[in-house]
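Listed next: structures, encoded as structure tokens.
You will see two complexes here that share chain A, one where it goes with chain B and one where it goes with chain C.
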Partner chain A sequence: MRTRFHLIHLVTGVLIAVFLSIHMVRSHLDDILGTDDPTSWESMMSRATDGMWVALYIALLAVALYHALYGLRGIILELTPSARAARVTTWCLIAIGIAAFGWGTYVPIHLLSG
Partner chain B sequence: MAERDTKQVTFRIQRYNPEQGGAPRLEEFVVPTSRGMTVLDGLIYVKEDLDSTLAFRASCRMGICGSCGMLINSYPHLACHTQIEEFHSDVLTVKPLPNMPVIKDLVVDLTPLFDHHRSIMPYIVRPDEQEMENPTAEFGQTPQELNDFLQFTYCMKCGICVAACPTSASDKLFLGPEALAQCYRYCADSRDSGQRERLRLVDTDHGAWHCHLAGACSESCPKGLDPALAIQLLKRQLASQALGFRKKQLPSPVVSPPTESKTRIPYPEFSVKAKK
Partner chain C sequence: MSQREHKENYLGARGWVWAGRYQMERHLYVLHRVTGLGLLLFGIIHLIITTFFRMGDKDTWESAISVTHNPVLKVGAYLVVVAFVFHALNGLRLILQEFGFGLGRPTPPIYPYTDALRRKRRLAIILIAIIGILAVVFLYDFAAGGG
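Our next item is the complex of A and B:
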């Protein structure tokens, strides 16, 4: 069972690199790409109301949260090895992950919807 | 015969007796050493001539049994496989192997190591139990199939890889490089059919995926094995099984032993001439 979670951990690591690269290129290579200033209000609002960009940022948030929290779980379980610690840690991190994902997706979904 | 050079080397040996209590302490012994003398020879000198209460474990004195694993100058070695001269130092610090409970002085309790070893089913599992119990023939295996796991059969369970492993240091439930490498050894054996069950045992929070690939096990193994490689190959088997790429392997069939063997090397014929 651990194998599947670990493989997802590896895949999310790759996805973070891909999604973050797209974000970095769009946000910092505007001079080379010849696009508008990515820090301007109009540019940010145009991205925030574009379904593709919203989906990209929500996906980035999801994979980054999984990758970070699963890695953190591994460290905690190594330092406090017991079945109870594993159970408590897992459920706490799932709760933190859901809360952080809900909080992080509220603004883009709100902007997209209206 | 030329006179052998002798040199005085100070052995700083960790002494600890849990029955008497107190903290572990280092005790110094001056040992006259000569070229070719091993750390185990030095410890035997200390026990026979200086302090008979010193406790350490040793047996074969030739790197086969794996009994004399200890921490020599902060690095896990077999005492019988390590010459004093190698360190180019007048002081040697000898401590028990880390990551294991100390019984007395340099003797550690290897029970956790053997418990972990036992937990991964370190034996051939086959469906034909009758043939296993009362063999009528041999289980076929090609030299190539043997090569897949041959080096891991040389493990002598000395515990040095576990002592060197940083994950074993922090996670006491971690199966450890020895057990994981032996798990791979049996999973890779073409005569075995217990892979699925064995992979389930190491697919846990403290199993194969907990290895950080520090490589300290392979670096320290006195037999030159590569347990880190075995763990990586075990991870590959786990991933293949989880993704459905792993074909169900049938254990190698029972084959009759050869009826006649060809002599590869022509042996010279010796005959004893009768004295006339």
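Our next item is the complex of A and C:
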């Protein structure tokens, strides 16, 4: 089971590399690509009302949260806490992940519908 | 005394930020960890800004964005991009290594020995070169006034 979580860590890493590359190129190479300023309200709203971008952001949020929190868990567990402390750490990180995903999904979907 | 000798190359928690007398890959490991934590910190801030300020109107959004046009935060944003490029490509190297790609054929142990780390070092150096090139591309865009 642990190896499976680790394998998901690798797969989410590759997925982040793909999704975040799209996000980084769109958000930072605007001068080279000749696109509009990605931080302007109009540019942001055009993506917020486009289902493809919203889907990309939500997918990126899901894989990034798993990858980041599992990586953080690995670093914390390297401090060799007791089994109980390790369990508490794991469940705290799961709770943080679910809360962040819930909030980060609610906002774009709320804006997409309104 | 023998206990001390045994711990000669022991880094402990210091090893999180310092590679000691280990080889190049250990420095990449330290950077991987530092950039990972940095990206996590940025991700939290990014999630907060892009949700809370987006719930408001145009003025709320633009006043929040104008804060990020501060030159110090521009440099920070550039470092985030470089950290992402490094973390992604070094992560790719780690995945290739974990699944045993680039190990080459086994050879008899005749001096001078070639260990697995040295065989894979060429890949590591190529990846560092790609990271450098991408860092320059993004630096060009940041210098051109991009965000």
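Basically, the second predicted complex is superposed on the first by the 109 of 114 C-alpha atoms of A that agree within 3 Å, B and C clash if a C-alpha of one lies under 4 Å from a C-alpha of the other, contacts with A are read in each partner's own complex, and residues count from 1 in each chain.
Heads up, the rule we're going with is that contacts are C-beta pairs under 8 Å (C-beta built on N, C-alpha and C of every residue); 3 or more make two chains touch, one makes a residue touch a chain.
Keep in mind the model is a prediction, meaning the values are calculated, not measured.
In the overlay built on the shared chain, the residue A:A86 is in contact with chain B alone; chain C does not reach it.
Judged by the touch definition given at the top, the superposed model places A:T3 against chain B, while chain C stays out of reach. One of chain B and chain C touches more residues of chain A, and that partner is C.
In the superposition on chain A, contact of A:D50 is made with neither chain B nor chain C. In the superposed pair of complexes, A:G71 makes contact with chain C only, with no contact to chain B. When the two structures are aligned on the shared chain, A:V107 is found in touch with chain C, with no touch to chain B. Judged by the touch definition given at the top, the superposed model places A:D36 against neither chain B nor chain C. Within chain A, the residues touching chain B in one complex and chain C in the other are 79. Chain contact summary for the complex, chain A toward chain B: residues 1-4, 6-7, 74, 77-79, 81-82, 86. Residue ranges on chain A touching chain C, taken from their complex, read 10, 13-14, 16-17, 20-21, 24, 27-32, 37-41, 44, 48, 61, 64, 68, 71-72, 75, 79, 100, 103-104, 107, 110-111.
Only residues 13, 16, 33, 36-37, 39-40, 43-44, 47, 51, 54-55, 58, 61-62, 65, 68, 77, 81, 84, 88, 91-92, 95, 98, 137-138, 140-142, 144-147 of chain C touch chain A when the two sit together in their complex. Across the complex, chain B meets chain A through its residues 167, 170-174, 203-207, 209-210, 238-239, 241-243.
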